[in-house]
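Look for chain A in each of the two complexes below; its partner is chain B in the first and chain C in the second.
After this line comes the complex of A and B, so read on.
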């Protein structure tokens, strides 16, 4: 340990010997770390599991009611459409098999604040069932979600998110307050704590990294308020839709359907239920494609939805290669620096430093450069991610957490090692006698 | 202290083989003061490197302080250098960005000695060479003689049994050279074996025994008093040479 501390001291002393060169090397590693850490962070956030504790029991429901002759995705003909029609979603919501279940979609309304100082504004609203809050473990700051009775009636209750609560009520407990949406007053029954599932797995269509909706309303207001989807709507039939009733009865697909199935038995029972439903529908002339009802857990669904763009993966690889190039560029500089110190190493070898000790001393010096570069790189990463957040208006969405800081430091150690192993190996193999100038 | 037998050292390049030492024998007793003389290229450097375990040889055996060091690993040789050998160089070879204290500290650091013991040893060594007041000076702030005194302090600080001095006065004026020689004699009188390379016959005569090298072979080896050869490694061609 004493020798290690001594070698560390020597490393810092060596860096101070030529501060400009040392600073250049630190900056080179720092840039590599900044780019790679930012890319790894983006990839990590994009590809992370948004609900690890339940991702294996939450299932996205897919029924294949697409064109009889063409699969929904010609590249992956085994896949079914990601969304359901209103009539199918509401029909399978009758099942009592799942622990929790919700059909849901994103609508858009005009909200009229009570405060005369605030102007009416358009807001995205998630139409969903009461189970939505339970199955996705949505955190509440005040109050709760509504109950099943409120689903059925439906009752004029809503849940708002913390940002909306801040905007409308200054962040106070607004449970019990009312809010006019369209031409109707709704009572606020719950206020969410800050909640930002990343990606937005319950509806990754559109912007999978966007914010959740600011208001949540019972699904059964869909026909009452004649709500249309403001998200993706897909269809293949030539039906002409003239009114909301026609929209609801059409084969257009705009509803996401989620269920929680806690066991294999429960999952099989629900699969059987779906199959039976579709077979029944086939008799009515619907579902012309082969039976293909799918239950995808969260991570499989995100993978099939290709939530992580290919460009993000390419960017990750390129950024890591950039770091390697930065490290390789340092090899030559370090080699020159170390070899210029050969006479000193000769003296140290004569005085008792072993080859391995000289090697470790120099690798340590490279690791110090790596770690200093890592610190600089992480600081630059924070700036870069803040910049991206501002450019994309995503708030604090992209940020370095402890895992990423650890990953950044690990990368800096690896970069230091890549840069330092060869020069250190060369200097420790320098014959000491050659540089001692014995007569 | 030193027992070398049948040592052969050959330097090889692509086209040429140079026999730096050939069938070389040497025995040095503990506490002796040996001077080595010889023209440039005679093998003095090679001999000091081999004695100091800084280079390997092609053939022969070498016992240092009772331990066969013929085939040791790098780590083992480094350990022996650190514990048993002190080096003094013509060009001082102090590390320029370490102050006097830290320069003398180097061998003790590789020994893993606790800080308090190191400080005591360094202060003793500095006291021996008379430079306690210059402890915090950098080498560039010292005269040549003072730098060589620091080098002597660094060589003796670990209390080695053997000191190898390579032209220790080569870069010094006469007065400073005598100072350094007085210092080395004092170290030798305390029981440390001293092997010194020099070109100066006057300084060489201060040793208890002189060795003369020519073309990698021992051509004369006499005690100062008896002039009787101690080692039977004298090539016939030089048997009667008187250097």
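After this line comes the complex of A and C, so read on.
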């Protein structure tokens, strides 16, 4: 241990001897670390699991009622459309198999703040069932979600997110306050704590990195308030929709359906339930395509949706290559620095320093440079990520977490090692005699 | 020339040779691939929209007053809005519309030539009135514009509508020409529209997509009690003042609604925000890469110069001119860089292939490759120039002094 401390001291001493060169080396490796940590982080966040503790038991429900002659996705004919019609979604909501289940979609409403200073504004609202908050483990700051009774009636209650609470009520506990939406008053029953699942997995049709909606309303207000989807509506039938009743009864697809199935038997039971439902519907002349009811867990669904942008992946590869070039640069500088010290090392070797201790001392020096560069790089990458967040202006949420800080430091250690091994090996093989003669 | 000695010197100092070579090769591969991705994105952003994008304002009005439950009231407000907008001195023309072009949200549908066996293709559509083409600033190249009877007809659901399509869509569906008067049908072969006009080009709501130029205009005045939206084309230079004025103008006509005014350029920037972001990242990587590599060459060449101080002194003592020393180092460096660029060309193609396997990667253009090589040649020479100039200042006596 004391030897290690001694070696470390030597390393720092050597770095101080030529501060400009040392700073240059730290900056060189720091740039590489900054670029690669930033892109590793972006990749890690974009391809991450938004709900790791439950992603295996949450299933996205897909039924294939697309055009009889043509698959929904002609590149992947085995897939089904990833939304349901209103009539199918409400029908399978009657199942008692899943632990939790919710049909959901995004609507748009005009909200009238109580405060006379604010003009009415339009807001995205998620229409969903009470299970939504439980199955997706949505965190509450005040109050909580509504109950099943409120689903059925439906009761005029809503949940708002923390941003909306800030905007409307200045961030106080607003549970029990009322809010006018469209033509009626709703009572606020819960206020969310800040919640930003990334990707926004519960809605595969929208921007996968967008914000959750600001207001959540019982799904059964859909017919009452004649809510249309403000997300995607897909259809293949030629009939045109003239009113909301027609929209609800049509084969148009605009509802997302999620269930929680905790065991394989439960999953099988639900699959059987879906199959039975569709076979029943086939007798009514619907579902002309072959039976294809799919239950996709969170990560499978995200993979099928290809939420990770292509450019994120190329950036990852390129930034790691960039780090390699930075490391090669460091090799060059280190070689120059170490070999110019050859006479001194010759003396140390002649006085009995072993090859391995000379080697270790130099590798350690490189690692010190690596870690300093890593620290600098991490600081720069935080700046870069914040800059990206600001430029995208959609409230993007890129940040370094502990894992990524660890990854950045690990990268810098590896880069220091790669850069340091060869120059250190060269210097520890200096023949003492040659340099002694020259003194 | 000095090729012989240079080669022998390189063989004696293989490390430096390989380091610079690998560095230059990797840099070329990265720079060319990144630039190629950057250019592709830039092209998709700069591609003409076919509209007078810079002078168009997009207005959303969302009624909330109870009066709007009455259809006639909605009609009268809509007509009053349009009259007011069109009579404004800085406004060239205005049209009702539902979704906005270039916005990423809109409507699309599958259409094919009536009676054709070929499967239908996707086309984005907008409903506008007879002022639509003039407001958008797109040019009618064949046929005629909508007239008021086309607009009237639109409310009758059964008859096929008269529509105007873009040339890009016409070329897709009617490759043999003869577009005007031809009919479109849906996938189930039901006649849906008759084409009365063709415009040269106009982006739909998804300019980045594969069918971004396939657009059709349907006649009508889309308005209901939830939304009444307009596009307005301003006289050049007046868009900034209109931007602030129109909100108040429309609210003063009818107060019980939310009015949002945006420029079409703003909408386009928002749609392309990730593309623009990615462009900035790629550009930054290219610039950083060239800087880092140049610094690396400076460092490695400096080291090589300082190692050969005595050798240089000896050559100077034996009569070599300063120019000869400079030439020697530059030539040496040029040789290494060139070798690096040759390996780099192969690496570039390999990297391009690797990226294309699981991410986006446009094919490498040879002009781009040549450009990248030239830039790196220049950067390599400039980088070597600094230490090489230092080498020329070595005094001949150095040779004798240190031996």
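What we mean here is this: the second predicted complex is superposed on the first by the 433 of 439 C-alpha atoms of A that agree within 3 Å, B and C clash if a C-alpha of one lies under 4 Å from a C-alpha of the other, contacts with A are read in each partner's own complex, and residues count from 1 in each chain.
In the analysis below, a contact is a pair of C-beta atoms (placed from the backbone, for glycine too) under 8 Å apart; a residue touches a chain by one contact, two chains touch by 3 or more.
Worth saying up front: this structure is predicted, and the values here are computed from it rather than measured.
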For this session: Applying the touch criterion given at the start, work out whether A:2 contacts chain B, chain C, both or neither, answering first, second, both or neither.
Result: first
For this session: Report for A:356: first if it touches chain B alone, second if chain C alone, otherwise both or neither.
Result: first
Exercise. Which partner does A:76 reach: the first (chain B), the second (chain C), both, or neither?
Worked result: neither
Exercise. Which holds for A:13: it touches chain B only (first), chain C only (second), both, or neither?
Worked result: first
For this session: Could you tell me if A:28 is touching chain B, chain C, both of them or neither one (first, second, both, neither)?
Result: second
For this session: Figure out whether A:390 sits in contact with chain B (first) or chain C (second), or with both, or with neither.
Result: neither
Seminar exercise, completed: Per the touch rule, the chain A residues reaching chain C in their complex are 24, 28, 31-32, 35, 67, 70, 110, 112, 119-122, 183, 236, 238, 240, 309-311, 313-315, 317-319, 321-322, 324-326, 328-329, 331-333, 335-336, 339-340, 388, 391-394, 422, 426
Exercise. Which part of chain A faces chain B closely enough to touch in the complex?
Worked result: 2-3, 6, 13, 17, 343-344, 346-357, 431-433, 436-439
Exercise. What does chain C use to touch chain A in their complex?
Worked result: 15-16, 19-20, 22-23, 26-27, 29-30, 33-34, 37, 62, 64, 66, 157, 186-188, 190, 258, 273-274, 276-278, 280-282, 285, 288-289, 292-293, 295-296, 299-300, 302-303, 306-307, 351, 354-355, 358-361
Exercise. Along chain B, where are the residues that touch chain A in the complex?
Worked result: 40, 44-45, 48-49, 52, 54-55, 74-75, 78-79, 81-83, 87, 89-91, 93, 95, 97, 106-107, 109-112, 114, 154, 166-167, 170, 197, 199
